[in-house]
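Please read through the structure below; I'll follow up with questions.
Chain naming follows the written order as A, B, C and D, and within any one chain the residues start at number 1.
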Amino acid sequence: MTRQAHAPAQPADALDGFRLDAHPMQEHFGPYGGSWIPEVLVPAATRIAHAWADARQDPDFLAEYAHLCRTFIGRPTPLQDAPRLTSHAGGARILLKREDLAHTGAHKINNAIGQALLAKRLGVTSVIAETGAGQHGVATATACALLGIECVVHMGSHDIERQHPNVVRMELLGATVHPVDEGTRTLTDAVSSAVRAWISDPEGTYYLIGSAVGMHPFPTMVRDLQCVIGHEARVQSLALVDQLPNAVVACVGGGSNSIGTFVPFVADEGVELHGAEAAGDGIDTPRHASSIAGGRDGVLHGAHTKLLQDDDGQVLPTHSISAGLDYPGVGPEHAQLAATGRATYHPVTDAQAMDALEVLCRTEGIIPAIESAHAIHLAVELASTRSSDEVVLVTVSGRGDKDLSSIIAWREGRLGDAR
Amino acid sequence: MTAATSTTPATGAVRIRAAFDAARAAKRTALVPYVVAGRPGIDACVDLVEQLVAAGADVIELGVPFSDPLADGTVIRNATRRALDDGMTVAGVLDIVRAVRACDVEVPIILMGYVNPLLAYGLEAFCADAASAGVDGLIVPDAQQLVALRSAASANGLGITMLVTPLSSEARIRELATQSTGFLYAVATTGATGARTDVADATLDLLVRARAAAAGVPVAVGFGISTPEHVARLAPHADGVIVGSALVELVEQDAAAAIARVGELAAATRTA
Amino acid sequence: MTRQAHAPAQPADALDGFRLDAHPMQEHFGPYGGSWIPEVLVPAATRIAHAWADARQDPDFLAEYAHLCRTFIGRPTPLQDAPRLTSHAGGARILLKREDLAHTGAHKINNAIGQALLAKRLGVTSVIAETGAGQHGVATATACALLGIECVVHMGSHDIERQHPNVVRMELLGATVHPVDEGTRTLTDAVSSAVRAWISDPEGTYYLIGSAVGMHPFPTMVRDLQCVIGHEARVQSLALVDQLPNAVVACVGGGSNSIGTFVPFVADEGVELHGAEAAGDGIDTPRHASSIAGGRDGVLHGAHTKLLQDDDGQVLPTHSISAGLDYPGVGPEHAQLAATGRATYHPVTDAQAMDALEVLCRTEGIIPAIESAHAIHLAVELASTRSSDEVVLVTVSGRGDKDLSSIIAWREGRLGDAR
Amino acid sequence: MTAATSTTPATGAVRIRAAFDAARAAKRTALVPYVVAGRPGIDACVDLVEQLVAAGADVIELGVPFSDPLADGTVIRNATRRALDDGMTVAGVLDIVRAVRACDVEVPIILMGYVNPLLAYGLEAFCADAASAGVDGLIVPDAQQLVALRSAASANGLGITMLVTPLSSEARIRELATQSTGFLYAVATTGATGARTDVADATLDLLVRARAAAAGVPVAVGFGISTPEHVARLAPHADGVIVGSALVELVEQDAAAAIARVGELAAATRTA
């Protein structure tokens, strides 16, 4: 194929050159991370860690992953200019990394496919996953359908209500959705429930975690798999604007799309990294989910990290309009990036995110996930203070189709009234 | 070196070991009931512990409530949640221990809890305060690798109990037994806590392996044990049996029934 | 960028070499096509035809279209192997052309972006569109948001009920949804209503039709814009399986995804072309929408084509479980392909499509649109009678997220009972 | 060559032209009411036409119902739908014309309809049957380019009326006027049929342009005309005024009122 005269100068394929072992495999991220798990999980976690250490540097595994990325997920996802959003912000040029175009509608599939391939490599025929927004559940159900693996997804019953379409999608894909009726009936309870299910049969099942959280090796593995976002974005930015972005922005729930976006830029000292955390009603209220801005060091779900907790070390209930950010912890690598100052984390309220969601719809014809709208708000805010020759790159982690009923409810003021 | 032979009553790891030794000497497996601290109320919990001891408990395991008890089944999670809703805290648990000790309860008291509340309290401060409140040992299932906890415990004379499971290798059992002071906890099954209907072969196999590897450290078995039959079946193979969810469930319904059940369980502890 | 050792042999970019004027601009397709329109529309239709004749061969226009295809729509969409679907069929190798991965979830955006660019070129600031499944409405609302054009979408009130999420999406994107309460309250009534709105202001508005139907130049223009599907698929097939497919399959509503898939293969004599029409309850019942299998020559919405009509020339009410196929006519180029025998059209019932939908979910982890599921059924049926060294390429025109409530209702037997 | 001067009554294009000529001679604009064939019923429709003529109609325009009347507004679409629901067909429309003619109605009758039902009937057969039933002319808005229709019409002596709009160029008006036999239809506004509240400047402008270009072919104006005031305003500028939706709406409510309205409209047709 010869390149056509008027095609824009983009790389042949921004996924080229991607490696799963580009960054070190770490159990500890400074004081964070680790394996704070009951003994019963130690053999399984160890086996997964060994398998991942092996797979991440196996060219055949990478080839299979990259092949599914290209042909099944639709990677590379575009990096696009956002001229109307840029004028709305009135400052730096904003670029959008379009994870919303990935198969199933969010970045979660990058991880689910990779881990499902690992589960297959381990010979496991049954997968357990948790889900908040349902995106990871759908991604896992999808990966399992593709590879012919059984799948059970644990989901808080509150999330089942607010993300109903994703429940239907999981069931269509042949997965079993296991409702979790405890605690706040959201993501954190689903994680606990999934881990307990894994504990019941750590040999026969594979726990396919949905974010860069939990015990070793999950934070590293999920990061490795999500780094495809940042790798592509970096290549694409150089091709599109002939420079690295001045600032990179992503939303932070457990922190997988953000860690995958950030890490390939960490060595680029001039590139600022900014995470948008869910501030719910505001971090000065009890209703938020900003683990870094509002949390303290602690242990949850197997990792030492930043955690929303009371003085007695009890994990606090969280609130965010976005189910996918509604989690009291955060991936340990973010805790380290925050501690060292390499990345900065900003709380974004429900209202700010919902406004940003509408702005992106109207200016660029993209309905983002409510999670991603948090990042859009932050990107617009940052861009508005920068000069027009600076570049702000923001990851649109997912599309908003799953959120339509939440959006309607918000607009009708129901979510606001329920406060 | 049993409690009976010392003049000031032994505490900490020593007292725990003594309790297992005494049971062994009496050709019994030690009975270790588990209750959630603060259930069914603060004063009621103090009474309950006192009466469980009167009914035959050799060691008391007190659960320190945590909001995300990863390895626990529904029964314990629910009781835990109620205790937290009633305001139970780590400091509150130590108050309960103090109150129990004030009632002249002399059996070892072991706290079982997740690590985060202990980190929030501060490991050193917690071990010091626990020891002075009358706690003898700690079980922290999600912090087996935490050297700082082991140091702080031993600096305060507290026993530390590690857990082994049917999936643990010989070498791993040996390592954890070495790290355990007081006793080693054999988790009867994979899976979260919760009453089971039978005793699995894997459990007996684990106990054989654990006792062989533990080199004299007492091995107590727990998870899923509910009936006198279970206890009788396991007694010959274990230095102690821990009864958790089955008892917690009774406590939640009717504390008197729980006490009666401990009496029945105690009657089944004869090892020969 | 150098190509990585383990990357599969795919072209650099299957969109390269695409041209909007690769096929002749025709007002007539044999006896079909034409401009059967009221005089009031003649100037506007003529102006659009001239503008398109110009734009289709303007390298700058193509460059802008291709740029938005790449960066906004996410093209090229993958052509993927479907090994588990292939074994399910037990015959020819099935390849899936993944239009479900296009931004907004269906091929409709290829056309909407192109026509919105044309509307902008014409200096028009307001766009009118009709929609059935809502996909074209969402695509048009999206293109208009991106380009800053006002947008009114006409939609049958029956379709508004069965495709509610898409209504919300359009509104979020800033479009006005105009309910049409006449006739069967489906696509055909929406087209009529949109045309009437256009008639009211043919100078100030642009009618952005959603399929390869209607008066000249729409059938040609929509085809030109959708040929990106077939162009890519052809390049990708050569790269992936080293041959052209033996058969190419697509679903046919108005016929845009199918004409775009077929036309780049028309000159390849060995390649069979198969269209799946919506047979509803069956073409031997009155409840279907198979215009070619069950219709006769007639004039609707400005074109002479195959049409479901009674002996008196009255257009018949149609039925399909898929709103996007629920249309009594078909693009005139299909009428010609059918008449000359170059393509073959097959009725696929609601029940066959819904079964195929579940099969694709479970075997490949893809929830197709119900429209696309018609094509999947046909592809599986064709593949099952072919040998394993033959290749059947099928276009998955869209994703099924918009159809979740119809799918639930079908599974619960409600749609069946309503017969 | 007017109807008045021939011995057998003229038909077809000739009769249409004669009617316009007669009105012009009487210093009136011809009044052309439009009704949907088959409304408000088959027999009632025949009566209605008879009475409209009695009330002053110079020409009758009968709508042939079609399921997808692209260029019609709500009022006509609804009436059309009801006619179809009652079983109206193309053949049924011709029956109505026959019945009207049997009542000695002599004014020109023009059918207005969409092309598809005519194609289904067969263009040649339709024109022949229409002519013999007593139809004089055809208006088929979505088939202005259809040469075969023009040929079939003229072969059967039927008039063909083309439509021009405010958007039509001079050249286009001339072309369509040439193709029109009987009269040229000036569409008063862009937009579908339907009553409007006023007469637009663009309408008057179009009429001036159309009459100049039409080279003697009568020009009738329609779309949106509803009141005697409209008629009076337009009369000096047009050879005929067509009243559609406003009348159809009355017919649907109360046929007598429609007849009365035609009387009022007729009174407003004086051109000088």
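In this text, a residue touches a chain if its C-beta (ideal position, glycine included) is under 8 Å from a C-beta of that chain, and two chains touch if they have at least 3 such contacts.
All values derive from a computational prediction rather than experimental measurement.
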Chain at maximum distance from chain B, centres defined as averaged CA atoms: D
Chain A and chain B: spacing of chain centres that average the CA atoms, whole Å: 39
Centroid spacing, where centroids are CA-atom means, of chain A and chain D in whole angstrom: 67
Gap in Å, rounded to a whole number, between the CA centres of chain D and chain B: 99
Graph class of chain-chain contacts, one of line, ring, star, complete, other: line
For the chain A and chain B complex, residues of the former touching the latter: 34-40, 42-44, 182-183, 188, 192, 195-196, 199-203, 296-302, 307, 309, 311-315
Sites on chain B touched by chain A in the complex: 65-71, 73, 77, 81, 84, 89-91, 114-121, 141-145, 162-165, 167-169, 172, 176, 187, 190-192
In the complex with chain C, residue positions of chain A that touch it: 1-8, 10-18, 59-60, 62-63, 66-67, 70-72, 74, 77-81, 84, 98, 100-101, 103, 105, 141-146, 148, 165, 168-169, 172-174, 235, 357-358, 361-367, 400-401, 404, 407-408
